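Once you scroll down, you'll see the structures, which are given as structure tokens.
Shared chain: chain A. Partners: chain B in the first complex, chain C in the second.
Let's turn to the complex of A and B:
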């Protein structure tokens, strides 16, 4: 383990930013701290960097207590949401900064610095921009310079605070894939903060989901998506249809109920709902289509159940929608392909089809 | 004529009398004349009078007037005061702005309000305050007398009073600028291993240099021109405790108009130079603000 965080708490006045956090960041992996705003994810990252002091608890770096170590002795690379490039310095000067501020004894020669900066510039695919200034670069380029600058000091840990937050959608997507490739190349222990679940699932090896200053769940992207630990995680990782149901032994939906409770909540992802004009197996719920929107190759369909008037959101394939279009949309059947059941006694179980 | 003309309902050859929101034609020249007349009466005429009166008896008389020993002493004292107050308030102002912009602490808002006190109260009261503190009958009077230290009616008093009335300029200019720029750059420098001093000189200072320079110029202008506060603590000892503004007042009071205007012209020249420098800095400051946003 490269970073070990134990019993960490932080308050800002009356606001509890983090309470009793215990976390281990695996060596050489890319870990995402995912959570809504105010969940404490940025505070946690800043405490790891030493930019914020914790109230309680400890931070351990590679087996050494670093709780009270100064930031500049921690050897962390930090990438900011708004780049934080030094505006009065050229790209070259920006990347060389960390090397040039070293005490004379450990400072590399000018020749070594130039070589290193050029190597980093080609790593982030910005050869030929050395003499330009930050104001002449696009957002995506600026963030890559910031990354090169952070890597120049050969940090043991790379910390990224919403690194793609200030970029537009397309650049964001490109840059996060590129970051993943880069990480596969250099294998530096990295932690990045994001509020975008798609980003976290796509980029990271491990996801840490935070809410209200506490860790809700940790795991690989697949683990947390397929087996969300609680309703919050489930809701945060994607859109959800929520039903309140009463469990009975006979008739209706077949449920693999591992709970003794009667009143349960049913969590269903929009893409786990299919719509068909016929009720072939008798398990369908009758509904009518109230609206739809074509999103590229998928279609978001809004429905209302005929009994109970419950709103349901489905996300189906274009093909499926095209087949449906000519049918009578006033009476279709919803089939539930998968769901999670949440009982008040805090147990989760799978919906059996 | 183009086929795609916009002014489709204007008949050819007929000029429209009004375009949409355009004001009547006479407004612009009328407004400009009023403004110009005002500028001439209130700014150009007094300025011209100063230089006109100064040179009324010829260049030779002017040269004699400004090289008189008491005048030279006044110039020296004014420059000395500025030379001490400007660096002092620059360093203090940067420290104050840093504390307010980068840290959160109890009583921050009160402190921000307190900075304005030298601007809010009359300079005469500022001067009196120092007399009450350091004068022979003041709080520290017995102590100062016992140790033979003279502050009031001496140079230290003049410097103290000037430092007091000029201290808000740098901090007031820097606080909003530093708050706008934020902490990211400094934090980036620290994570890259920079020490506090290297961070300040290589990252913070370049970021705030135009704002700082602007504050320094304003401090300097006020330090050179301050009258009220300095008049109270000066004691008006010729050649010893009279600054340029004080000496102009003395000469004028003694009907030595020539000499008074000669010294006044020097002070005015300094002010004009300051104004030009200030305008240039303002231009760069605006450029920087644009970049930050």
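Let's turn to the complex of A and C:
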């Protein structure tokens, strides 16, 4: 384990940013801190970097207590959402900064610095920009410069605070994939903060989901997506239809019930719903289509159940939607392909179809 | 004319003609016409006479005193003003608002009052004068006293120009530098100082220009000895009292040119500093 965080707490006035966090960051992996705004993820990252002091608890770097170590002695690379480049310096000077501020004894020669900067520039695919200034680069390029600058000092840990947050959608997608490739090449222990679940699932080896200053769940992207530990995680990792239902004695489910000891919550992802004009297996729920929107190869359909008038969101394939076109949209059948049942005793079970 | 200017400017914002007209009228009435009159009046002397007045030993000595004193005062204020601006922007402490308000006092109080107070405090019997006398330092009525008066007059300029720039500095940039291993001294000299340098230059120019023209406080704290501690504005007043209006206007024009050239060169320096930032 490269970073071990124990019993960490941080308050800002009356606001509890983090409470009793215990976390281990595995060596050489890319870990995502995922959570909504105000969940404490950035505070946690800043505490790891030493930019913020924790109120309680400890941060351990590679077996060494680093709780009270200054940022500049931690050997962490930090990448900010808004790049934080040195505006008055050229790209070359920006990347070389960390090497040039070293004490004379450990400072590389100018020739070595030039070589290293050029190597980093080609690593981040920005050859030829060395003499330009940050204001002349696009957002994606600036963030790659920031990354090269952080890597120049050969940090033991790379920390990224919403690194793609300020970029437009297409660049964000490209850059996060590129970051993943880069990580596969250099295998540097990295932690990045994001509020975008797709980003976390796509890029990271391990996801830490935070909410209200506490860790909700930790695991690989597959683990947390397939086995969410609680309703928050389930809801945060994707869109969800929530129903309150009653487990029937005979094993079925009554959607409309809201009373009784058997009350459970039923969580269904929109893409786990299929719509058909016929109730072939008799398990379908009758509904009518109220709206739909074509999103490329998928179609988002809004429906209302005929009994109970509950709103249901489905996300089906274009083919499936095309097949529905001739049917009567006022009376279709919803089939639930998969769902999670959350019982009042805090246990999850899969809904048997 | 208006159409032509608008076209050249290419601006779609309304009110260009109005604001340009207003600015020109304002500048004319308050700056150009009075100064033009001064220049015109000075031409009553022949070019040779002009040169003779300027190159007079007493006049050039006064110029030396004025320019050097204003320069030293502005220089000292760069450190002082920067320190105060730094304190006001970086730290929270009790009474901060009061100190912030005190900064502007030199703007408000009559300069004569400032001069008399400083003279009293720094005279041989004054509170600070006595203290310094123990070290055989005499400040009142010397050239140093002129610098002290100008420091007092000029330091709000530096504080007020540097303060907003310091406030606007992105904290993340300093954090990035510290994550790259820079210590505070390196962060200050390589990151913060380049960012505030243009503002510091502006403050310096303002304090310097203000110091060149200062009259009220200096005549009370300086001994006003010709060749020693006589400043140019005082010399102009003396010439006026002797009804030597042409001589006064010639010195006035020389001062005008001197101040203009200095401010212009500082502006160029600033432009250079800004360009280097690539913004």
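Worth pointing out:
In this section, the second predicted complex is superposed on the first by the 342 of 353 C-alpha atoms of A that agree within 3 Å, B and C clash if a C-alpha of one lies under 4 Å from a C-alpha of the other, contacts with A are read in each partner's own complex, and residues count from 1 in each chain.
To be clear about the criterion, contacts are C-beta pairs under 8 Å (C-beta built on N, C-alpha and C of every residue); 3 or more make two chains touch, one makes a residue touch a chain.
This structure is a prediction, so every number in the text was calculated from the model and none was measured.
With chain A as the common reference for superposition, the partners chain B and chain C occupy clashing space. Legend: residue contacts after superposition of the two complexes on their common chain; A:318 is shown touching neither chain B nor chain C. Contacts of A:88 after superposition on the shared chain: both chain B and chain C are touched. Once chain A of one complex is fitted onto chain A of the other, the partner contacts of A:71 extend to both chain B and chain C.
In the superposition on chain A, no contact is made by A:288 with either chain B or chain C.
When the two complexes are overlaid on their common chain A, residue A:136 makes contact with chain C while staying clear of chain B.
Of the two partner chains placed by superposition, chain B and chain C are both touched by A:97. Residue contacts after overlaying the shared chain place A:119 against neither chain B nor chain C. Touched residues of chain A were counted for both chain B and chain C, and C has more of them.
With the contact threshold set out at the top, residues 49, 51, 71-72, 76-78, 80, 82, 84-88, 97-98, 101-102, 135, 146, 149-150, 152-153 of chain A are in contact with chain B in one structure and with chain C in the other. Those residues of chain A that touch chain B in the complex are listed here as 49, 51, 71-72, 76-78, 80, 82, 84-88, 97-98, 101-102, 135, 146, 149-150, 152-153. Against chain A, in their complex, chain C makes its touches with residues 170, 172-173, 175-183, 186, 190-191, 194-195, 276-279. Interface of chain B with chain A (complex): residues 184-185, 187-195, 198, 202-203, 206-207, 291.
Chain A meets chain C in the complex at residues 49, 51, 70-72, 74-78, 80, 82, 84-88, 90, 97-98, 101-102, 133-136, 146, 149-150, 152-153.
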